[in-house]
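Shared between the two complexes below is subunit A, which pairs with subunit B and subunit C, respectively.
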Partner chain A sequence: MRTIVVTVCSGTACYILGGSDLLTLRDHLEEPYSRHVMLAGSPCLNRCKDRSENKRPPYVTVDGKVYGNMTLETLVKTVQSVLDAS
Partner chain B sequence: MNNSFIEMDSCQITKGGQRICGDVFLLERVAESGRVVATLSDGMGSGVKANVLANLTAGMGQRFALAGSDMRKNAEAILNTLPVCRERKISYATFTLADIQPDGSTHLVEYDNPLTLWVRGGTCKDPERRAHIMERPGAFREEVLQFSHFSLQPEDRLVICSDGVAQSGMGTKPHPLGWRESGLRDYVEEILSQDARISARDLAKKIAQRAVANDGYQARDDISCVVAYARTPRKLLVATGPPYEASGDAELAQSMAQYPGKRAICGGTTASIISREWNSPVHVNLDERDRSVPPSATLEGADLVTEGMLTLGKTAELLENRWEADIPAKNAAEKLTLLLRESDEVSFVVGTRINEAHHDPTLPFELGIRRTLIDRIRRALELIYLKKTDVTYV
Partner chain C sequence: MKLATRNQATFLRTDLARALAQEAFSDSLERRIDQLPLEFRPKNSSRTRCCIYKDRAILRYRLMALLGHAVENEQDETRSLASYAKETLEYDSPPEASLTILDIACSACEGGKHAVTSLCRGCLARPCSANCPKDAIHFINGKAHIQPELCINCGKCRNVCPYSAIVHQQVPCEASCPVDAIAKNEEGIAQIHEEKCIHCGRCSRACPFAAVMERSSLIPVIERLKKNSAIAMIAPSIAGQFPGGLGRIITALKYLGFSAVMEVAAGAEKTAKHEAQEYLEGEQDRPLGTSCCPAYVQAVKKHIKDFLPLVSTTPTPLAYTGAEASKRYPNIPRVFIGPCMAKRDEAREQKSAEFVLTFEELGALFLARDIEIETLDESEPDWSAETGKSWEFAVSGGVAANVASCLSQQGREAPPTRFIDGLDRKGINLLRTGASGKLGNGLWEVMACEGGCLCGPGTVGNPKIARKALDEVIQNHSPSNDRV
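And now, the complex of A and B:
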């Protein structure tokens, strides 16, 4: 299993729309996944201003790819599937 | 003396068993000029009666001094107004009045409080005092008012105490006659030799706590200590919001880099701009477990980086409610509050580019606009904490 970086946006829009929960990702990942995740924050991933994509805050990047509308549940699932596939 | 900031703060500990302090300390800073006028008054006895008398005395001192009339006439007027105690034939309240101009020029009027210490270079000295003797009908002895006029230099301090400090420990083995002025002097010099830059607030606290310790940890009289400290102002720059024109980014980053003081950045976009311009990464502090506001971040060259609206809103609330600091601060708003409170002059640089995200009607919250929040914070800093502030819109 590779180790991947997960960046959770903690900017205003993302934080209010659920980003605060996403920052607790660590507490919700089980082994062996948790060992393979490096969690980081970002003051603003710059997506909140971009109306072109049909996504909404909160934004997260998982292994370089951007995801919007994240909940803790979908984030855990996404991380697991990315890691499973690696 | 140029450009010194007069930091003045006090620490009071009420006599054991009393709920109201009989010493009253009033302080006023004249916003336009930076002049500071302060009076410490010790009412006879303790409790409510002492408090009322001290309040009356200190209030008169402040009003007269601020009105700017002749110091001697003022002091006489106070003494003539104060009643004389029928049994003890002494005056009901003592006072020390300090009037300090921003250039350091200082007038002191002292009446029956322990003499003020003037500290320079870590050593206590005495200002040259002129005694003025007053005979009041009904008083059993002549009353002595002491006047002095001298100039505070940068890094000078004044230490003003009530006799609860000078007489602390009286009758105990180490201090049979009380701590006295000599004990206080030695202690102040000892503290300054350990920490020459100690704040007025901390020095006043240390002295008061030591006096209570002398009393066996139960104050035997109301204990008050006031410290004035003339020092170079502590400056803080708070940048929040991206400049209206994107071309202003580089300018903002540059003026921040050159700012002669501490720097705080409040806002994700602003942090990204500065990070890009300074070529220095931002790291969000994920170990901050208190989640009432978004976590703070670190960026080399900045003393604090926080999110914008939520943190500023919370900070305004903490300042307005006179939040009592727990150190270490638990979240970004508390960190910002502490940083603001330990600064003397705060300059806000407010960017006016509209952040599209906040105008999304589906966002389930009402964000006060940046301007309103900054206004609230400035008002609290000026009115409650006597700070100087200014704001620039970019």
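And now, the complex of A and C:
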């Protein structure tokens, strides 16, 4: 399994709209996944101004790919499936 | 079941407040407000309810609440939002009551009742019907059925069923309320009984449809921010509600238009000292209840009157801060910004603040003004605590810890302490027993929200992350220049 970088946007919009929940990702990942994740915060990823449908904060990048409208559950699933495929 | 700190419902509420605030800041509120429901649910967009028209109707009511109006009181469904906005601008004061129910958003949850599930085997013994005091259970095709008009919800059948086939369906808002102040009316729609309500805000968090909303003071506050005439009094639980740390949050508040920012933690220092003194001088044979949590104080006033003489008479952190603010900045409106829905009662009764906003509402203001907090420089507050210790008021255990530390500075021992961390039904009963003197003396720290203010209904930050940010403030806090 590779180690991947997960960046949780901690810009104002993402943080207020659920980003701070995502920063607890590590508490919700099981082994071996949690050992293969490097978690970081980031300033505004400049996505939040885009208000088209189904796109909204909070944004996260998982292994370089950007995801919007993230919840803890969807983030955990995404991380696991990216790691499983690696 | 606990909903996540932030979910789709809270997102919508915040985003709508953001849009409303944007219009208010650009003086286009009356002109634009009736467009907002259409812009949030344009034609052909996806919908949450049966159709976009119902979604829009609910958005209209949400906007009414954000304007400060009581949704239940609506007389004329055709009335424009613009006319409500006009009324808000003219009224220019905080709304009276704090919570309102969006009756059409309330899904009239089935529940509060007992029901028989498919697990029923129609057994021979039939203890359910044998134990039912009202003869409400009958058998159809060999399976138990409860007749709702006879059932009194005593739960005896549920307890005796050998197959656990009988369930009690809960209504989330009713189940969350510690004082039975919210209940469904004949139409099945939830209703708040003001004479019982302690404004703890639990129901607003528990409702999966976000049908309980606060009547907001956003608009009158924005009008003052536009004139740069408002004092922000920030609760200690602000740590971790926004990114970037305390210094940047203070800069962001100034960008919004607050002319001064005061730490309520500075008032908390005075509260702790005074409460320690009150404890020493008080009658040591009975408990002394803390005074700073307004939802619990309301609960005592409305439901546990026997405990009232035991509640500390020490002014709250907000009372001290509000008094200092009016001394320093006479006639400038004071805005308490915190996690709490009950603080509004306190602010009004004690005249310690003209307006109260939650962190969620403050967040909407930051979004409306596109303030990227984490990119700002840091600033100092205009009034600050001497040390970080009093910032602990934001969490359960923190008030007692501060009182104890004041006592130890005088060479006194810490009082025996009892914590009521989260005022649920059990906590209410504990206070009742405490009032009778059966539970001994000591300091009773009561927080209506489990975990303390940091977990209050108006918060936006994850409690665990917020706790880390709070610890940082507690450790690194230094008094502002103004103080030394």
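Just so we're on the same page, the second predicted complex is superposed on the first by the 81 of 86 C-alpha atoms of A that agree within 3 Å, B and C clash if a C-alpha of one lies under 4 Å from a C-alpha of the other, contacts with A are read in each partner's own complex, and residues count from 1 in each chain.
The definition used in the following text is that a residue touches a chain if its C-beta (ideal position, glycine included) is under 8 Å from a C-beta of that chain, and two chains touch if they have at least 3 such contacts.
On a predicted model such as this, the values are computed, not experimentally measured, just so you know.
Enquirer: Under the superposition described at the top, does placing subunit B and subunit C together on subunit A give a clash or a fit?
Expert: They clash: once the shared chain is superposed, the two partners overlap in space.
Enquirer: If we overlay the two complexes on their shared chain A, which of subunit B and subunit C does A:H36 touch? Say first, second, both or neither.
Expert: A:H36: touches no partner chain.
Enquirer: Mind working out whether A:C44 is in touch with subunit B, subunit C, both or neither, as first, second, both or neither?
Expert: both
Enquirer: May I ask you to decide whether A:L72 touches subunit B, subunit C, both, or neither, giving the answer as first, second, both or neither?
Expert: In the superposition, A:L72 touches subunit C alone.
Enquirer: Kindly classify A:G18 by the partners it touches after superposition: subunit B alone (first), subunit C alone (second), both, or neither?
Expert: After superposition on chain A, A:G18 lies in contact with subunit C alone.
Enquirer: Clash with subunit B: which of subunit C's stretches 331-339, 349-357 or 367-375?
Expert: So the stretch of subunit C colliding with subunit B after superposition is 367-375.
Enquirer: Shared contact residues on subunit A for subunit B and subunit C?
Expert: Residues 10-13, 15-17, 19-20, 23, 41, 43-44, which sit in both footprints.
Enquirer: Would you tell me which residues of subunit A are touching subunit C in their complex?
Expert: So the residues of subunit A in touch with subunit C come to 10-13, 15-21, 23-24, 27, 41, 43-44, 53-54, 56, 71-72.
Enquirer: Using the touch definition from the top, list the residues of subunit C that touch subunit A in their complex.
Expert: Against subunit A, subunit C makes touches at 4-7, 11, 14-15, 45-46, 240, 242-243, 360, 363, 366-367, 371-375, 460-462, 464-466.
Enquirer: Which residues of subunit A touch subunit B in the complex?
Expert: Of all residues in subunit A, those touching subunit B are 9-13, 15-17, 19-20, 23, 39-44, 46, 48-49, 51, 57.
Enquirer: Can you name the residues of subunit B that touch subunit A in the complex?
Expert: Interface residues on the subunit B side: 267-269, 271-272, 275, 282-286, 291, 294-295, 297, 305, 307-310, 355-358, 360, 363-365, 367.
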